[in-house]
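Common to both upcoming complexes is subunit A, partnered first by subunit B, then by subunit C.
Let's turn to the complex of A and B:
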């Protein structure tokens, strides 16, 4: 890419950031043409995106709200990818985690108030993990592709949620279940915004996963399997067990995203809970080069772009689709630049 | 078809033409590393020219420059005194220079014919003109006496056959000068002999052939002239008949080689490992090991000789728990290890230098430290509460680097950036450092240069003296004979014969390797 020429001699990181920056400018320039054609001043549009994303504490909080679930699904994808498995099923795991969290959150068992949230969290994680354990088992025992199975299971989970909302858990008013008990609601960390402690959970998860992957024995085994499964077998690593555990734990992380949406944002299970959190998570994971800490940054930037786009649409009447185009272009170009760079 | 006729005439021209391809005063730096310093080399029509040197001597660099893959910092390439501009392999192919790499570049799912026509004028513009291509290829193969079935899939070919396809590929593209990078590294002795015949044939037809190698025997038997490189410099070029192995070694490594030989008496201790009638089957249900029994005692090296693919891999896998054993028993110090998890067997004191260090022995994208603790990362010395102790691991790695003089920038260097010899040293060092009771060394010197081979051999002998039980599995017969207290010959997954050191001659072992009808039936009866 053009920007690569600018950064010759720099370190890898400088080069990478410069590449990303250069590509962003390139995409902005391309979309400026698009905007100009639709009769909007591109500069105003871009300014509106920036203002919409960073213009107020509430704007920034909204970016973080957006980033929370996709950080967790990205972490899920990262853990599985690092172990050589493709988790396309984070979306379904989000749903199942959310369903479990809501189920516990109704608190029909009358848990003491202080225990409701932890129980919801554990249920969300465990349900996501159990849901992921199915494709992992099928893959490791029978060799069936985890890609296909997880994709299919995404539909199952989303449809199951719709069944619950329309049937057993129907509230009768909105297309959502009834609310969870108030002790199952995560505290808001910036007053006056929607940003809940779910974001802290995502940050903690990223920090923990980062540390586990880089320096724990388990992480070492995961990385060895992902990089060279034969060497892992040779070194006596229990490959199947480790792969199963990573996939299940990955499912658990996605399940946490479901819990976070329920306890932090909706306080019930709405229809269409996930607008593709699992798939966006894959994009974030790839852009972050499977690095958990970077995933947080990428998720935030993606959040900023989306929140800014909404604001641009409100202010200038520009269709949000333009931003979807920008996003798509940017992601494609960054991944393409990386492929070119690797040669 | 017309295109092909013109191509044949080109080959005809080269048969009569006397040309010389030269590299003139080539210098190439990679960062701070001087890969080539003022290297000159010439290749003449009709000769087989060996380029000899240790790993890292700069052989590959000068060859890549001749093939246009690498641009020299100084110097140039010329044909008959006319400078050539080689910006890419395409230019080199156009100039009649072809290269056969150590790792072949064939499409495994296509047939030989399809691979040979791919991307050439033989393929036709839009449709594959198979019958014409077949006629043309048959003619070329016949001329150079290269026997190959054009209709077989490349994936079903042996390594030697694939190499022949690669050579044909270069010829089809009109190569007059042919560069072969380590052509014998992957071949069996019989295939090496065949290759020698093919190369002589090529030279007789007026082609010039360069073989890049670090094996002396080949140099002496195949080449007309030999050039020696050391540390990026050209030491000189000699006519092969005017020189000998000892001289070449001195030129190559800059000193005399003391060949590793068993010195002391064979005084084995107690039995460390015992296999009794072990039978394994592969996925297709074929027998890998067929009722194989053997014992290895402390303080002895048991060498396994045999043609590749006769159960060597299965033997190593059976001993390390990497493959399932269908029947029979294996004991390590009296305790059965049959079908136990690999981790358990490793912990019980088995070290394993695997045949393929890229596939099994290490992780290319990992640091040296991570590779150094690959096998023992669970052991208390490298972890605390489930987390890896980086400092201990790094200083351990530094020690291996120092002890085995591994050439690298430090413990954080990437394993894949090391030369093959240094990678092998690290794997070897790691396994020795674990002080196993049984060491399985499979092809421990494959791809290593003379100096490194000497080093590995010495270490193996040291460990034998120190009381380690060593199973040496190698297709290099000389290596097996030089180091082993006992030689077992493996054929069809069975021990075809056991020879004491004194009986183990090249001839005796060779006979057993190939087998006669009588021993075959004996084996079945047993």
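Let's turn to the complex of A and C:
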């Protein structure tokens, strides 16, 4: 696949933005019809989304809380897509990163307090990277479809988490493991909210990835492979090595999302840790046209949409699955309008 | 169940019966996907189409109290989902993998939304009372040992038995099948022979969507008797592995489905047995098996040559100005 066409660029930026804006309005209109059919006043529903997402400082902080993991999974997807590999496995990598972070966070090894958090971070990244290295290896060595393998590994990771929560790491009280030690907890950056330093980590990761892709040798190699893998081979780029490293690093970024949820939000491993962060990450990556900086903005907007939809569900009883419908419709319309194109 | 039961014939017969039952929706969806892939399309959206079939079939069965109407509705809904996939990938030339993934997100959202709107108080899952009762075929079900396992099943199982040769015949012995394969191997050559590539591919994907819808409805209506979010649980992706495992041949695809059905049936029996393995890990077995199959059985070489490549017809490659993508 030529991923060049998925990325940001082009001369007709104005027309592109206008079309994207028009399509967003179209999706809003289509979903308004859907809401009206189900007996809900669409204006009230949309106002409730906006109020739920931006109505108070705490609500805005919640949007950022939601944006944190999906920024990281989007970055993961972006890095892999950029060199022509499909990482549908970010969800599983989030779980494995979270499991590793919790495992270290119990601190059965009695690390000094100051080392617990860094050790959890490294463990989360390394576990996500190792988990992603498996499908990358299988793809590059045997040609096994990374799409199928990563999706199966999502189910395996979730199954493994359920096993840990119900078995070896069971707390016996809630459907979650026992808590991590207090030195493994990320500091809250806005007092009175749930927004932790995990958000800063996501921003830093986006900045670093943007820099790496745009102006490093590795980033150049990744982009070249994505644009034309044969040209990359002729240019002497070690294609397999670069693809493997990007996929593993992508897995590491998703693993960081798992670490952030553990150290920043839950402080244990709960059942159903990820409500599809990996899949939302794909949506973010596509809407951001595989640009890491844009991904932060899109992740915030989708975070707001999700937080707002939660509030809408509580107020009006509209199922939150309307969010998935909006996301799916928007991208399908973008595909139909050829804003994302393979040529 | 103890280790002892493995040597008893009744264990194996009940395992065979369960394998066939569990394989039936996989056979439907993978037969459809076989045709889709032979036509050069890769539909990663099978999962979502099965979910749509499950929810629409369930609702139709719930309100009509007739299982056959339910399957019909699911087939129609699945075809529509297939048509959407086809319009995007065939006519608009959109990337098939992106389209499939996004279609899954949309379809799972729609399925969940529709269901929750129909049953606002989702606390007690409504159960169907119209299921397809097993039907013991005369004579055949009296065959010693395997008779009841093979021929005292739901009518849907017999439909699956019937569709395997039908799909084989369609693909291997009709002009339609020849066209489908030609379009999947070499669309330019097919086009030059006067085959309408888009038309053939659209037919294939609509058929694939219909079969996925039927598969989803089989799970919800005939097997579970309820709809639950996430009930397809990756079977749509396992189907993709089955099609490769079965070498794009309806007979072998059916046996590959049976193999996965057997794995699931065995997994369920092991859970009940409590034979050492942790119960919460056993549901992972079919997923692990899928990876093993994808790695060791599936060479990339076997795929139809033009898989996952859009074919932009001459004369139609020039799109209206508005949609032209400036080079990035």
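The definition used in the following text is that the second predicted complex is superposed on the first by the 315 of 343 C-alpha atoms of A that agree within 3 Å, B and C clash if a C-alpha of one lies under 4 Å from a C-alpha of the other, contacts with A are read in each partner's own complex, and residues count from 1 in each chain.
In this section, a contact is a pair of C-beta atoms (placed from the backbone, for glycine too) under 8 Å apart; a residue touches a chain by one contact, two chains touch by 3 or more.
From a predicted model like this one, the values you see are computed outputs, not experimental measurements.
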| item | value |
| --- | --- |
| Partner chain(s) touched by A:323 [first = subunit B, second = subunit C, both, neither] | second |
| First (subunit B), second (subunit C), both or neither touched by A:301 | neither |
| First (subunit B), second (subunit C), both or neither touched by A:231 | first |
| First, second, both or neither for A:53, with subunit B first and subunit C second | neither |
| More subunit A residues in contact [subunit B versus subunit C] | C |
| Subunit C-contacting residues of subunit A that also contact subunit B | none |
| Residue numbers on subunit A that touch subunit B, as the complex places them | 215-218, 220-221, 223-224, 227-228, 230-231, 233-238 |
| Residues of subunit A touching subunit C in the complex | 1, 4-5, 7-12, 34, 38, 86, 88, 138, 142-145, 147-149, 151-153, 155-156, 159-160, 162-163, 166-167, 279, 282-283, 286, 317, 319, 321-325, 327-329, 331-332, 335-343 |
| Subunit B residues within the subunit A interface of the complex | 320-322, 341-347, 352, 354, 359-366, 370, 373-375, 377-378, 383, 386-388, 390 |
| Sites on subunit C touched by subunit A in the complex | 44, 84, 87-88, 92-95, 97-99, 101-103, 105-110, 112-113, 116-117, 120, 233-234, 237-238, 240-241, 244, 278, 280-281, 283-284, 287-288, 290-291, 294-296, 298-300, 310, 319, 323-328 |
